[in-house]
Every structure is written in structure tokens, then in C-alpha cells.
Amino acid sequence: MLTQAHILQWLQAYATEIEQNKAYLTELDAAIGDADHGINMDRGFKKVSAQLPTLTDKDISSILKAVSMTLISSIGGASGPLYGTWFLRASTAVVGKQELTAQDVLGILQTGLDGVLQRGKAQLGDKTMVDVLSPAVTAFGQAVEESKGTVEAMQQAVVAAQMGLQETIPMQAKKGRASYLGERSIGHPDPGGTSAYLMLKSLLEVLET
Amino acid sequence: MKKLINKPEDFVRESLEGMAAAHSDLIKLNYDPTFVYRANAPIPGKVAIISGGGSGHEPMHAGFVGKGMLDAACPGEVFTSPTPDQMLEAAKLVDGGSGILYIVKNYSGDVMNFEMATELARGEGIRVLNILIDDDVAVKDSLYTQGRRGVGTTILAEKICGAAAEAGYDLPQIANLCRRVNLNGRSMGIALTSCTVPANGTPTFQLSDRQIELGIGIHGEPGIERTAIKPVDEITEILTRSLLEDAAYSRTLREWDESKGEWVDVELTNLPFAKGDRLLAFVNSMGGTPISELYIVYRKLAQICEQQGLQIVRNLIGPYITSLEMQGCSITLLKLDDEMIRLWDAPVKTPSWRWGIS
Amino acid sequence: MKKLINKPEDFVRESLEGMAAAHSDLIKLNYDPTFVYRANAPIPGKVAIISGGGSGHEPMHAGFVGKGMLDAACPGEVFTSPTPDQMLEAAKLVDGGSGILYIVKNYSGDVMNFEMATELARGEGIRVLNILIDDDVAVKDSLYTQGRRGVGTTILAEKICGAAAEAGYDLPQIANLCRRVNLNGRSMGIALTSCTVPANGTPTFQLSDRQIELGIGIHGEPGIERTAIKPVDEITEILTRSLLEDAAYSRTLREWDESKGEWVDVELTNLPFAKGDRLLAFVNSMGGTPISELYIVYRKLAQICEQQGLQIVRNLIGPYITSLEMQGCSITLLKLDDEMIRLWDAPVKTPSWRWGIS
Amino acid sequence: MLTQAHILQWLQAYATEIEQNKAYLTELDAAIGDADHGINMDRGFKKVSAQLPTLTDKDISSILKAVSMTLISSIGGASGPLYGTWFLRASTAVVGKQELTAQDVLGILQTGLDGVLQRGKAQLGDKTMVDVLSPAVTAFGQAVEESKGTVEAMQQAVVAAQMGLQETIPMQAKKGRASYLGERSIGHPDPGGTSAYLMLKSLLEVLET
């Protein structure tokens, strides 16, 4: 079972992860983008982190929605609307729930991904966060079908996410700024894919402790 | 990193504060969310024009807010699209009852944020249309990329649409005009040096003393090709030929359909330039290149246009859509018609441009 | 050296050719000797204003030739004063029969060349007066130096005197006005980077990534002090205090005495700024500093002026008197009176400035 | 005796000297000025060099005058009017002469210097070309008084010029651009002084061969 407390811990853990990886994410973006992804994400998740104390008595869906509003109005760039939409849509998947089953978590991951796809129109293989989020959903779904628990499903999702991230390296970008580079975008991991992987990894770490 | 700044995180705000202080007769600055608006907004009955995008491109866009041009500008962080709440609140404040045109550069971030803002504004009963600018021929196709970026044509569209709004055009007319400007404009740029994002502190890319980056955007991102520095006449030739030899360019862009109340995909095509076309020629500094060098670029550009039977009837030379302190330039050619010329010449009074008016 | 140029020796000519091509309705370019003049010169009955100086400071001066400002500009090689034959031929061409004012920056080269030109023109029966601009407070005294350099105040004097000429002032009146502008203006500048003279190919000085050069002129020459980079608010404070705390400054300048028919030494004094003064505040880019940073400088400058009870009633922010691609800025404060304000606001139409006029 | 041919040879020799020292003079000017002295002088003397063939049948005064006009209209900067004035005034000192005695050469040096002083208002010790030209005149004058010939007088003038140039090194500049540097102008030879020394040295070398 994934509790409201897990969600709050996860958001805090992810905010910390982003802060620690701010320079790294920005460096990845400098290689194939405009050198701001870490800065953008850190700006947004610093706000989230500051906001968390005001959310301690809110339900999970409300927390996710509040976070989405903060991200939408503070990240900007491509990642702002995408992460914002991910959290906004995720919040709609768990309305009224106080605790989340593995099925609920799958709902979050799936609805979030759908939102990102709708907003960004990227496809698998375009070298975006979709290449990380999508295999993670598939893996998680498979685990759920095999009646695995949330932690185990999440472990498999993170493994798939990491593989997905690895696979962005040889890809040529077709969406986002990196696509302008054409073949020069090959050979670098996708910055947004990297931050998406960290998001899932943070959730797993919270669940495992 | 050596810049005339205080803390990197205060760069955008302090720069806007300075601009607002210097031009308090023309513009005002809103905080939380951040946007710059015409001091006398809203203007009842006039369509309002709003633009926006990452900061670091000054004077674009805040420097173009004022009579005859923009009603509001929404600046994001450096090279980062602004957020939907900025665009929504700006729309609420400047709406004169005749609707709003968002002029949006075709970057994934700008597009997505402005789309969300359009949906939000529509949800609140504000009439908003949303036109994309995608004029950068360095991006060859739209199938394998995000599509062409919006660069120099953006501010030309802002001027022309701003004048149209002032002249009483209605919202669909202005949206059509904006689309037409976009379909008649082409741009391409090069960098001699990288720029440094203040919050980042190190140059986005490294070029040796003998290299230039061809086909750059305006966000310090690398271009399509790295090549050896050449005499400026050759560089100008490469840029100009890229614009003149660019074939018909077709792509699908998303626009809001008012009758359907939803996003629709619109198929649009730029036609190539042709002998006899009347052009506006725009030589732009990326921020760190002095105007003396821009004029050398213009010199060659004018020669090539003349050889090709193209007539430059208006020109614009200076640092107007920049990438911080980057050295380099871009060339934009816009095919004009009588209506566009009249609107280009119409009075404007903004922090950056001021003509035909006291 | 990476620049948008062809051969270094063609830099000045090609840049002027580009400017003349871009603004053929306003200016014309003369070859052998080189000068730029108003397309409709001479204007019968109007006093003509001529300025000039080394190139590399664009848009100054050629960018300020046109209605309401200069009748001609004489560009030298990069950072090198032009020669007397340029000034003489320009005077002959633009003389409308009411005489010529040479506005001269106080550098030894400019002073000597314009003096020779004045003597030559006088010898040919052209009525010429010669006013020096020396506003750079970084140069402390005139006893142990060449005296203060002419920097930012120069173009303010050009605008104000140009408007006066347009309004029908006679030559002595305009010379008096020019002198008054000079006595009310003070400037100081800093550099973050050096610039590279094209013919030279290497930066004139070297600054580390942590150093700035304080009290520079506009020729890439080192300043009065090298110091560590600081937040821009501190830099602005240093510059502004240097202007505001500058005491009365007296020196002797040479002017042509019409009645005596020879050079005379004139003792002149700048009075310090005082509470209640109305100012024009001019924040200038040295060429490579983007306008976003200039606005941060202006923000602090406006705060200090307000604290000190000084009223900024006009401002000017941009790259107007530059040192090639140098990064850095200068601040000029000019005390205004009603007449100067009226003349500042008067219509102008030149390649660089255009207001109050179509 | 100094002939018209000597004058032509000297002007050519000096033009060559300037060309060879173009970078050096510019470097000296970069240290305490604006990095153009060598470029300025070379622009002027390249013109002179091109002009020399048209002057072969002119008398000495006319040659000096024609050179001065070329320099005035092509060097610019501070050195243009100064060298231009030097040659212009020098030409007035030898009107009608076909050959120059030591006394005549002294007239050239003295009148040229007077012109520079009048135009530039510099004094001895201001760290300008005056600190080279002036001791040279004095030394030449002394030699003439001691009835030395032109060559010997010129040798002493060049020695004095060289010492004068050395003495500009510790000086703080009070005229020209270098004066803005205040104490930072100390420790460098004056660029215009250096080119003035080369001018005298070229004349001596022509006389000695």
C-alpha cells in the first residue's frame, strides 16, 4: 500500500534528487538543448518542497493537483507543461483515495503518461521523457498483471525506465529542442528522460525504506 | 562568467524593473505572475496582442510593448518559456473586449505553455487565438524535428499585427494577417561565440577561435553545422542563399478553431521567394556583435538581393532578437505587400521602436 | 580574432557602404576623402553640424547624420582620428551659407586634426567654429594629462545642437549651446572585456575572468584602475558616485575666436550636480553588452538618483557610442534645462534615431 | 652635403623601417594607448612610398611639403598632424635649396620640432615624440656649433634621440592617450617617440652608406 505519507516523502525526495542533479541535468541539456533543464526542474521542485508543509493534511489527489499547479506556473519551458500535465492527470486517477493499491499506482503512471503524450505529441523513439515513462508504465502494468505488489512492480518499472533512458542515447531526437541538432543529438542521454527516471527512482526509494 | 548582473536568479526581474523604470510612460510591470503591459491597457474595443518567450532575447518582447505593437509581453526565465498563468493573467488585464492574439514562437515549450494558456483563457470566457511563427530555415523538415523555430519574423509579425490592431482590424483578421506574415518570412543565423546562461555560469557550447556555428536558434543551442570562420561576405552568401533557395515548405501547425471550440491541425505552406518580390531585409545581432559588422552583412545581402532581382523596400538592422551576449547574426527576409508595408510604416512607440509619433 | 568582416583594411569602408545602402533616403557616402552626409545637404540658411572621430564607435557618428542632428560625419580608421581633408571637404559640401560647427571629442588626435581643418576652412572663407567635448570624469585633472576625454555627452550635444540648427539658431548661438551641454555633462565607463582592432588582430588588453577595467575610454585603451568583478549594483554605484561627487572641474580649452581670427584659450568650469537637478540619464553599451544588462544598470542608477534628490526626466539606454565588440558600459548624466529638453525632444530622423517624425 | 637623392632614399628607408616595425609600434601603443600607432604610421608611409616616384624631379622643399600633405591626409590620429606638421614646417626651412648643409639640416630639425610643439603643446618630459626630437635637435645644434659635419652631427643626434627614447620609459605621460593611464603609463617607451627615433636613425643610415 502506498500512503499519503509516502507521496509527501517521495515529492521531498525527488526535490532533493533534482537539487543534487541540477548541474548534471543542465549539462545534459547543454549538450543537445539550451542548458536549462536542471535549472528549470530545480526552480519548480524548490517551490514544491516549500509547498509541502501546507499539504500535510490534504488527500493524495489534492496533493498531486497542487503540485501540478506549482510546476505549471514555475518550471516553464517544455518540461513545465509536461511534468505539470503528468501530475495534473495523475491526480485525476486517484480522486478520493487515501491509500493506493498497485492498480492505483498504475493508474497514476498510465494517466500521467497519457497526458504527456497528448500535450507533447511525442512518440516512442523521439528521444524524450516518453522513452522513459512509457516502458516504465508497461513494466509496471506487466507486474501488476502478474499480481506483484507495488514495491516489486515499481522495481521493475525503474529497471525499465533505466533501460529506456539508456536507449535514448543512440536516438536522434525528433521532438523538443534537441531535434534541431539532427544527427548531432545522437550519443547523449535525453535530459527530460533523465529527470523522469529520477522521479520514478525516488518513488521506489521511498517505498523501499 | 563576467556579466553586468547581481545574483543570476535576479537577472530577469531586475532587468525588467530597469526597463519599466526607464519607460514608465509606456509600460508597466506586473509581479506574480510576471508580465509587462501597456501603461494604458486595456484599450476598449481594440484587439490585444500578447507575445512572450524566454528571457535573454532583449529587447524582444518587453521592449516592443506599447502603442502600435504589443499590449503585453510574458517573459520566462532565461531561454525558458514563460508559464500559462503569466499568459492568462496578462490576457485578463489587457483584454479590451475584442479578444487576444497570442503570437507564439514554435518551440515545444512555448507552444505547450501557450496552448495551456489558450485553453485556460477560453475556459474563462476570454476570446483568444494562437498563431505560431516558424521561420527558421536551418531546420530542414518538420517530420523528423519539432519543426522550424520561430526567430526573426516574430517581431516583424508583432509590429505588423500591432499596427493592424491599432487600425481596428478584428481578431480573425489579425490572426490571418499574422499567419500570412509567418508564411512570407524566412530566417537563418550563425554564432561566432556561445553565450552564458547566468544561472548556469559556463558557456553553453565551446567554439575555437577558428570556428563558427551555422544555423543556430536563439537559445544558445548548437546549430546544424560547425564550420571554419570565413569572410563575412561568404557567411552572408551562405545565409542568404539558404533563404532564397528554400523551396516551398509545408507543415502542420495547431491552431484553435473558434467554431469547433478545439485545436485543429492546419496545413500551411511557405512559397519560395521569387524575382520581383518586395522584401523587408532584417539583419539582426545576436547581442554581442556590433552594428558596424551588421552593416557589412547588410552590404553583401543587398548586393545579392539586387543580383537576384529582389527589391529591398524596407530594412531593419540592429540587436532586436538576441541570445544574451552571443556574437553572431541572423538574417530575416520577409516578402511584403502593400498592406504589410502600410502597417510596418504605421506609428509605433515602445521602449525599443519609436517612429511616426512624438 | 573572430569578427563578421572581410579584410581588416576594408572594415570601415564596407561598414559605411552598408549603412549608406540601408539608409539611402537619409545619408550619402563620399569617397576620397571619406565622409557621410545628409542626403539633402546643403540646407540653405541652416548652420551645419559636423562631427567625426575614429571608427569602431558605431552608430556614432555616421548613424546620427540626418534631419535634426548631424549634417556630416567624418569617420577615421578604427580608433584613429580622421584627417583634416575629410573635415574640410565635408564642410564645403554641407555648408548652407550660415557656417559650420565642428563638434570635437577632446583626444589629442581629434583636437589637432579638427584644428587643422578649422584653419584650412577659415582659409577658404568658410565660417567654422570648433567646440570640444570633455566629459569623462575618469580623467581626474587636466594639468597632468591631456585633459578629460570626450565620450557620452558627445552624442547628446550632437542631438541638441542639431535640433537647434534645425530651429534656426545661428552659429554663435549653437556654439554656446554646445559648450553649455558639455559643461553640464559627465561620463564614466567600465570594461568587462577588451576589444580587438581588426587591423591588429589581438585584444588590446587582457583581463582575467575575474577582472574589470574601470574608467576606460572608448578606444580599447586601458582604464584608470583594474579591479575585481563586482555585482552590477556596486559597479553602478562606483560609476554614479564618480559622476555625482565630481567637484567643480576647471580647465583651459582652445576655441577659435572669430573677432580675433585666431585660437584663444578659454577657461571653462563644470559645476557639480546638485539636488533638484533635472537629468538625462544615458546608459551606454560598449558594444558587446546586451540591453538586458544595461537595464539592470539603469535600475540601480535610477535608485541612486532618486535617493540623491536628482530627477531623471529623460533617459537613453543602448549601444550608441561603442568600442567595437567590447563588453562593458558607460553612464552619462547630463543636467537639462527647459531649452535643452525641448531640443532633445525635437524631431530627429537618422539611421539610428528616429522620433517625432515619420 | 645632403642631397635631394638622400632625401628620397631616406623617405624610402624610413617607410621600410616603419613597415618592419609596424607590429612593434602597435604593441607599444597597446600597452599605453590604443594599439594603432604602427598601423597609422604604416598607412601614411605606404602612401609616401607610393608617391616617391612622382617626386624624383622635385626640389627638397617640395618633396617635404608633398610628403607632409600625404601624411596629414592619411595617418590621422595624433601622429598624423604631428608628423604632417613636422614635414610641413621642415619644408619651409629649406625653400629653394638643392643641397643641404649641416646648418640647413639643423633648420629642418629645429623648425619641424617647433611645429610639433606648437601643434601638440607638449613639453619636454610629457612622454611624447618631443622627448626624442628635442634632444636630437640640441645634440645636432651642438655638433654644428662645434663645426662637425652633417654625418657626425646626425650620429650625435641619433645617440641623443636614443637616450631621449630610453628616458621616456620611466616617465608618466602628460600628453596624448597615454596620459589617461596616469602612473600605469610608467615603464613603457613612448610609441611616437620610438617612431621619431626610427625617423632620425633612417636618415643617419642613408647618410652613412
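Note that the chains take the letters A, B, C and D in the order they are written out, and that residue 1 is the start of every chain.
Methods note: a contact is a pair of C-beta atoms (placed from the backbone, for glycine too) under 8 Å apart; a residue touches a chain by one contact, two chains touch by 3 or more.
On a predicted model such as this, the values are computed, not experimentally measured, just so you know.
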Euclidean distance of C-alpha centroids - chain C vs chain D, Å:
31
Averaging over Cα atoms per chain, report the distance between chain A and chain D in Å.
76
Taking each chain's mean CA coordinate, chain B and chain D are separated, in whole Å, by 56
At least two partner chains per residue is the criterion; list those residues in chain A.
none
Multi-partner residues of chain B (each touching 2 or more other chains)
none
Indicate which of the five shapes (line, ring, star, complete, other) describes how the chains touch one another.
line
Pairs of chains, among all present, that meet the touch criterion
A-B, B-C, C-D
Where on chain B does chain A make contact in their complex?
33, 54, 76-86, 107-109, 112-113, 115-116, 138-140, 144-146, 149, 197, 199-200, 204-205, 217, 219-224
Per the contact definition, I'd like the list of chain A residues that touch chain B in the complex.
26, 30, 32-36, 39-40, 43, 72-82, 84, 119-120, 172-177, 179-182, 184
Contacts from chain C onto chain B in the complex sit at residues 1-7, 11, 14-19, 21-22, 55-56, 58-59, 63, 192-193, 209-210, 212, 229, 231-233, 235, 287-300, 302, 315, 317, 319, 322, 324-325, 327-329, 345, 354-358
